[in-house]
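First up is the structure itself, then whatever we jot down about it.
Each chain gets a letter, A, B and C, in the order it is written, and its residues are counted from 1.
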Amino acid sequence: MPDLLELRGLDAFYGDFQALFGIAAAVPAGRVAAIIGANGAGKSTLLKTVAGLIQAPRRDAVLFDGEPIGGLPAHELVARGIALVPEGRRLFPSLSVEENLLIGGRVRRPGPWSLEAIYSLFPVLAERRHVPGPALSGGQQQMVAIGRALMSNPRLLLCDEISLGLAPVVVRDIYARLPGLTAQGMALVIVEQDVSQALAAADRVFCLREGRVVLEGPATSVTREAVASAYFGV
Amino acid sequence: MTARVTHGSRIGPIIAIAALLALAAAPWWTDRQGLRLLGEIYAYAALASLWNLLAGYAGLVTVGQQAFVGLGAYTLFGLALLAGVNPLWGIPAAGLIAAIAAVPVAALTFRLRGAYFAIGTWVVAEVFRLGAAQFSALGGGSGTSLPASVLAAIGNRAAREQLFYWLALALAAATILAILLLLRSRHGLALAAIRDNETAARANGIEVDRTRLAVFVIAAAGTAMIGALIFLQKLRISPDAAFSVNDWTALVIFIAVIGGIGRVEGPLLGTALFFLLRESLSQLGSLYLLVLGAVAIAVMLLAPRGLWGLLADRLGWQLFPLARRLEPRSSAPPVPAATTPAREASP
Amino acid sequence: MEWANAIIQGILLGGLYGLFAAGLSLIFGVMRLVNIAHGDLIVLAAYLALVATQTLGLDPLASLLIVVPAMALIGYALQRLLLNRTLGDDLLPPLLVTFGLSIIIQNGLLEIFSADSRRLQAGALETAALPLAGLSIGLLPLLQFGVAVAAIAGLQLLSWRTPLGRAFRATADDPEVARLMGLDNRHVFALAMALSLAIVALAGVFLALRTNFDPAIGPARLIFGFEAVIIGGLGSLWGTLAGGILLGVAQSIGAQIDPGWQILAGHLLFLAVLAIRPQGLFPRLAA
């Protein structure tokens, strides 16, 4: 299968501070890639750069379906099929659950996702559709955040720390629904602190340290020992 | 680079003192017209420096300083006309009255944040203006003049003009010196901390509101004394002139923006540029203000640290030794080590 | 009876202040921008209406068909070309740039139209009045009040019931995540400014029908709008209208006591609200 997302020597900067150094990675359609690494390793920066929130310095550092898209603004990338579930969920507090989903579907590519489809994926949201975002539990907010990203029918879904701050049972519930997403060819990149969760969910794993990929491999063949040494550079 | 900086900050005070002496001797090298222009320049330099202290250092972006210009002027006229006080005493009295008035003004307007604070101060200035217009003992809405008898107490015309000139120079020099001393004191450090991160400053025990209040009161007093002197020279007062937002705030803000906000040197350079611009555009009439507004917008967008900021960055200039220099928050890249002023610079 | 009349006149005037405030409040809500040139833009709209009525022979109310879209276009362009560059963490650039804009508009109008007072003539409508319980209520102020209420109701509807309103609220909540929804902030902000200036156009035309205007009266209109926003409470459109009405009534009562007290009474009400209830009288309940 051809690679849906390909990174070729991707750098990223915050002002003068360089946060990513020459990241190379590829994610085929229909697969799940996990990015792991300690705090400050550059995981969120990587997702934000792919999504266009941080400007990539070179156009051809990011290829999406073979096309160079590095440095394009986020609002254009949505139309091309890239969606990001941001860290901390970040629902729009003055919008209701349904409005959050509707605004996620402002730019809608053809595809299976609609309000009804989201409500059948997360039935609890249908009951609380008119409630403002902040009134939901953390797990429900995460469902809205995922649903909001799905509403644009993305080909590539980027999920930043979707298990952070949630009860384990809720995390399991959310992760149980991810395989259903990739069945129709959508690729998934997840950033995850919980390594065993990441290894279980992903096809391929990338470990970052200080802005560089220090370990890469199929999730099945990466050992916990290798991960531990990659994390801390010992 | 480093050598020039250190050199610059050492010779800065020497240049300043030499310039001050040369300016103090102006009555011997220029005519009455020249003295008037210079006096006006000093007044604007001081007003702009005080506005810069408020907006550029304390984060108090006000468009209501005309309240204190007018209050100072009315204090002087009121004391002279109604209580027979020598007008020269009216100048320190104006500072005192404005400092007292600034406390309740701050109590009200500090409740507004950011740009709303700005308009709030403007409303207060309007209240002062309308209040002055109700004050019939000083001519109400049409204002009043200082009679010759009051002025005779100061001296004959030539002596008066010289005295007013020296007063303007002394007030401006004292204002700038006071600002420098304030910024070098521990209040300066507190201001820097507030400007960088207000929340963190609060968490570290810096009394943000008290520091801001202190700056607001000091700036009010200085502004009022300058206002009192300006109208003592004009000899005539009216609410519209004394509380004019265009004369005492718009021009002052443009001067600070063009010269550079958040640097002591900025308003001084801005004043010089403003008067050059004004003299060369005077035949344009109201278009001159239009051009000035456009220049200020262009500088704000293209060189947000003003022309002094541009020069200082490029050449490593610094006229006044300030151990801690404040940068506007929009300046993303940190100052390279080479252009950071020497820590041990002596005054 | 004089007092009842003063209060009714104040309420009707307050509708106009509500219009001044609504445009100000809208852009503050969406992009945290306080437009110091707001009042001068109201005056600019009044002059546009003057030109439209004089050169095209239009009725002042019909001139709205030209002035409203023209001002909206000016708003869009102003935001796209100038004001978007000033937005960021620092509050100085937007404040100072709109302050400069205010001076430019005032002096530009002065240059073109001179300092003479102007007025829009509405013909028979100006003198038409409704008798009501012994009072006579002018048809024009009544119409202006109705337009203000309708405009604010329309804004309210737009904010809470349309995709554009949703986009405004989302961008106000979290501009970064809004970009992930395919919203181009620069465009959203420009639309908000266009809408704000469309309301400014309404306000300008009714101001010009009601009273004499000259290039220098803008700042006072900004202050009235701002006072209405603070009195009503930030973030609530109906509160803004209520704030405008209270301001209008205070001014009208002040003028009844002494003509010199009209504006002062409004300012004093504002300062009293600031002292006693700084969150405003009708703040939005939501966090």
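Just so we're on the same page, a residue touches a chain if its C-beta (ideal position, glycine included) is under 8 Å from a C-beta of that chain, and two chains touch if they have at least 3 such contacts.
Small disclaimer: the values here were computed from a predicted structure and weren't measured.
K.L.:
Work out which chains are contact partners of both chain A and chain B.
P.N.:
C
K.L.:
Counting C-beta pairs in contact, pick out the pair of chains that comes out on top.
P.N.:
Of all chain pairs, the one joined by the most C-beta contacts is B-C.
K.L.:
From the centre of chain A, which other chain's Cα mean sits the farthest off?
P.N.:
B
K.L.:
By C-alpha centroids, what is the most central chain here?
P.N.:
The chain sitting closest to the overall C-alpha centre is C.
K.L.:
Can you work out the whole-Å distance between the CA centroids of chain A and chain B?
P.N.:
53
K.L.:
Distance-wise, how many Å sit between the C-alpha centres of chain A and chain C, to the nearest whole number?
P.N.:
44
K.L.:
Centre to centre, by mean C-alpha position, how many angstrom separate chain B and chain C?
P.N.:
32
K.L.:
Using the touch definition from the top, which residues of chain B touch two or more other chains?
P.N.:
Not one residue in chain B touches at least two other chains.
K.L.:
Flag every residue of chain B that touches chain C in the complex, lowest number first.
P.N.:
55, 61, 63, 108-109, 111-112, 114-116, 118-120, 122-124, 126-127, 130-131, 133-134, 141, 245-246, 250, 253-254, 257, 261, 285-287, 289-290, 292-294, 296-297, 300-301, 304, 328-330
K.L.:
What residues of chain C sit close enough to touch chain B in their complex?
P.N.:
The touching residues are 32-34, 36, 82, 85-86, 88-97, 99-104, 106-108, 110-111, 219-220, 222-223, 226-227, 230, 260-261, 263-264, 267-268, 270-271, 274-275, 278.
K.L.:
Would you mind writing out the residues of chain A in touch with chain C in their complex?
P.N.:
Per the touch definition, chain A meets chain C at residues 51-53, 73-75, 78-79, 83-84, 86, 90, 92-95, 99, 102-104, 106-107, 132, 134, 148-149, 152.
K.L.:
In the complex of these two chains, what residues of chain C are touching chain A?
P.N.:
That would be residues 163, 166-167, 169-170, 172-174, 176-184, 286-287 of chain C.
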